[in-house]
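The two complexes that follow have subunit A in common; it is paired with subunit B in the first and with subunit C in the second.
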Partner chain A sequence: MNKYRMILVVLLAAVLALLPMLLRRDDLINLAFMVLLYICLGQSWNMLSGFAGQTNLGHSAFFGIGALVTRWLWATLELPVMLAMILGGLAAAAFAMVIGVPTFRLRGAYFAIGMLALGEMMHAVIAQVLPFNDTLPVQLIAGYSLAMRYYVALILTIIILGFSTWLLRKPISLGLFAVREDEDAARASGVNPLYHKLFALALSSFFGGVTGGLYAYHQVSYYPQSVFGGNWTLDALLITYIGGLGTVIGPVVGSLFFVALRELFSSIFASFNLVVFGALFIVIVLAFPGGLVELLRKFQRGR
Partner chain B sequence: MLEVKNLGVAYGDVRAVWDISFHVNVGEIVVLIGPNGAGKTSTLRSIAGLQPIVAGQVDYLNKPIHQPKLFTHAHELVSQGIVLVHEGRRLFGSMSVSENLELGAFSPQARKVKNRTLTQVFEMFPRLAERKDQRANTMSGGEQQMLAIGRAMMGLPKLLILDEPSLGLAPLVVKLIFDVIRELNQQGMTILLVEQNAKRALALASRAYVIEQGRIAGTGTGAALLNDPNVQHSYLGGVL
Partner chain C sequence: MNFETLLQTLVFGFFVGSLYGVAAIGLSLVFGVMKILNVAHGELMMLAGYVSYFVFSLFGIDPFVSILISIPVLFCVGLLLDRLVYRRIHLLTGEAKIKNSLLVSFGLSLILQALAIQFFTADERAIQASYSGYSLTLGGIILPYTRLISLFIIFGVISLLHWFLQRTITGKAIRAAAEDAEAANLAGINIQRFYMLTLALSAALSGLAGSLVIIGYGITPTVGVVWLLRGLIVVVLAGTGSIFGTFSAGILLGLVEAISSTLFGAASREIVGLVMFLVVLVLRPQGLFGKKG
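And now, the complex of A and B:
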């Protein structure tokens, strides 16, 4: 079984590494990039909202800050893109720490609404302050390679998934789960809820910001306000819930499903995918709170 | 060990506890009885560091832990040895028995001796050992209460506070839970207990206090209160 699994992993790694050569079509490579981007987005949201149970409806703020900072450091100051992405993530995390202490005075739905307000506020402010389209400098456009974007996305995805797996084996993740289940009971067991929530928020905002940086690295031109759009929060939420909230594999399954379905429906008529996702989200939350991952496990056991 | 002086607790403008004073000596079982809404649970939650106080003072091991302007949170008190077993158990429902127990030993000192404490918990509750991989919320009420007490034991309490541990349990399980409380006390744990099952609790108590409308309405040894006609009338279902 273990040998079989090893071969599978090696094979998967080889396919992923050679994918741009195998696909050879820019539109398909771009789809693969999108799947990876959404895995990172979903998993970064999952760290706070899934592991620690604090539903965050303002994740777009972290994504947006990471995107703007990365874009500026990389395209304007000409720092190496990986370094720029890390600094973008740190900027998002720094912002998160400043707003985390006051917003965590709110619990449950109030926290979610507070974060939503914050995300929308950032969106409105950026739309006013940076209203113009941001296009890459000519020399960067000339050297643009989609395959490079794909590889950076692949590396980030491996880091985020690897880190999450590692995190779930550490005692601190038990503390996160305890806060998710019952804050008072967690406190009475010696878990400091605020510390654990801030820890999860720091990770979530950092990786959310880095993912925003990845997107900024990918786009030839964009409106700065677009990276602060509520769609980044909503997509992260849908992907994670549909795949499986609070699991590492959930956002992977969710993202594959999300991108495939979006692609399928966009050729039929625009934005219809949102109707499908909305309906699916309701069905999954009501019938399979564990998402597609739980559904697959049930099938496996049923056999 | 624990000294509560003129405690006052309020939720916004609603006062739940007006003026409660009592003490718990090392090695005792002290019981608080009283009708619903008297302020028993609020008192326990405040002592355990889950509800700030508005008046009075609480000392633990001769040091103040709570005053209106000084409040020690529960997660800090756990490592000092005050552990609360919540009313209604409050387990981490979707987590396994083992994970719940591991969380009980979350403080650094407790984590160091986790395996040894776990053996003791499993000796006391063999049922939990059998079910260690089961999800907590799929167990019976009695098993869940065992787990709640086991989880508290994992935190190495010096003062164990139990809020209505027999609530909603079958008589046989109630007997088991009270036997466990007695045994923990004989092993040297000091116990502060709130109970609806006043008869059993008073039989176990070194001393007891009657709380009514947020104030202390009476006190005495467990045996003395058991024979007190007023207490018999109000809490023990009339003449025994």
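And now, the complex of A and C:
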């Protein structure tokens, strides 16, 4: 079993590493990039909302801050892009720590709508402060390479998934689960809920910010307010729930499914993919809280 | 800025605030009685706006008369949504129920938005009736007729709702279910049935609100979140349980927005309510929607 799995992982790594050469078409490489971006987005959301159970409806704020900071450091100050992305993530995490203490006084659904308001507020503020389109400088456009974007996305995806796997083997993840399942019981057994929630928020906002940086690195031109759009929160939520909340593989499955379905429907019925996702999401919340991953596992066991 | 301009701004703030109030009463009714946070409420308003729009543009029915169509249509939509979706959450309790209702209605709002973009296009729609441009002028203050009629209708409907909940047997059953679902059930009240009615009533209120929005303002497929956030802010400010309290909080929000947009520019309009919302939410966690959750 282990040997079989090793071969599979090596094969997968080889295919992923050679993908730009194999695909050769820009639109397909771009799709692969989008899948990776959504995996990172979903997994970063999952760290707070899945592992620690704090449904965050304002994740777009972290994504947006990471994108703006990365873009500024990389395109204007000409820092190396990887460094700029890390700093973008740190900026998002710093913002998260400032708002984390007051917003975590809210529990469950109240935290969710508090964050929704915060995300919308950031969106409105940025739309007012930075209303103009942001296009890359000419020399950066001249050297634009899509394959390069793909590799950065691949590295980030491997880091995020590797980190999540590692995290789930550490004792602190048990604390996160305890807070998720029952905050009062966790407190009674000596787990500090605020500390654990802030820890998860820091990770989630950091990786959310880095993912925003990845998007800023990929886009030739965008409106600053677009990276603060509620769609980034919504997509993260759909991908994670549909794949499997609180698992490492969930956002991967969800993201593949999300991008594939979107492509499939885009030519026939533009917004139909959202109807399907919405319906699937409702069914999953009501009947299969484990998502597609859980369904597949059940199917395997049944066989 | 002179006194007259300020007064005019406040008057318009009052008119828009009355709509925030109606949007919030629908949200608050469902939250107070069923402990369901229906974030698709804004999309129901959007739907009602389109009902009025199409009834007006296809059959030339007066927008205020079209409320008589949009309210029953939305009432039926509410019944349908309860049967199809919300009924499955009724059995949950406490925190899990609120959270699941939030998620499920989030999915619903996504579906409704996508369908509206597909079938109604993303263009903004508004209704221009023959009397839309006319207004009453009182001491230099302009009072558009459409807004005055809207306000009159709103007062009528919420007074009717108040009477219904306080005086009729059905209303009393709904309030009993809100107070203690289990005890109400033991007393022979069919909880499921009254929950269904409550959701339908809330949807009917969104029908009224949506039709009035398209007369005075305008509707796009994505307008729902704007009205939802206003409604949530008002519900947080007012707590649940009092219709007129919620309505007053709606007016308050409208006035605060109007004042802040004259003081700090139109941009602050979007932000001031959200700041108020977060402050109240953080200073009064748990205690916000009336009782301790």
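The rule is simple: the second predicted complex is superposed on the first by the 303 of 303 C-alpha atoms of A that agree within 3 Å, B and C clash if a C-alpha of one lies under 4 Å from a C-alpha of the other, contacts with A are read in each partner's own complex, and residues count from 1 in each chain.
Criterion: a residue touches a chain if its C-beta (ideal position, glycine included) is under 8 Å from a C-beta of that chain, and two chains touch if they have at least 3 such contacts.
Computed from a prediction, not measured in an experiment: that's the story for all the values here.
Peer 1: When the two structures are overlaid on chain A, which partner does A:265 contact: first (subunit B), second (subunit C), both, or neither?
Peer 2: A:265 sits against neither subunit B nor subunit C.
Peer 1: Which of the two partners, first being subunit B and second being subunit C, lies in contact with A:275: first, second, both, or neither?
Peer 2: After superposing on A, A:275 lies in contact with subunit C but is clear of subunit B.
Peer 1: Which holds for A:222: it touches subunit B only (first), subunit C only (second), both, or neither?
Peer 2: Touch status of A:222: no partner.
Peer 1: Going by the touch definition up top, name the partner, subunit B or subunit C, that contacts more of subunit A.
Peer 2: C
Peer 1: What is the contact status of A:174 with respect to subunit B (first) and subunit C (second): first, second, both, or neither?
Peer 2: After superposition on chain A, A:174 lies in contact with subunit B alone.
Peer 1: Given the touch rule stated above, what does A:109 touch, subunit B (first), subunit C (second), both, or neither?
Peer 2: second
Peer 1: Output check: A:188 vs subunit B and subunit C. Expected answer is one of first, second, both, neither. What do you get?
Peer 2: A:188: touches subunit B, not subunit C.
Peer 1: Report for A:124: first if it touches subunit B alone, second if subunit C alone, otherwise both or neither.
Peer 2: The second partner, subunit C, only.
Peer 1: Of all residues in subunit A, which touch subunit C in the complex?
Peer 2: 55, 102-103, 105-110, 112-114, 116-118, 120-121, 124-125, 128, 230, 234, 237-238, 241, 269-272, 274-275, 277-279, 281-282, 285-286
Peer 1: If we count contacts the way the header does, which residues on subunit C are in touch with subunit A in the complex?
Peer 2: Checking each residue of subunit C against subunit A gives 37, 85, 88-89, 95, 98-100, 102-104, 106-108, 110-111, 113-115, 117-118, 225, 229, 232-233, 267, 270-271, 274-275, 277-278, 281-282, 285-286, 288, 293.
Peer 1: Of all residues in subunit B, which touch subunit A in the complex?
Peer 2: 48-50, 73-75, 78-79, 83-84, 86, 90-95, 99, 102-104, 106-107, 110-111, 151, 155
Peer 1: Sort out for me which residues of subunit A touch subunit B in the complex.
Peer 2: The contact residues of subunit A facing subunit B are 171, 174-175, 177-178, 181-182, 184-193.
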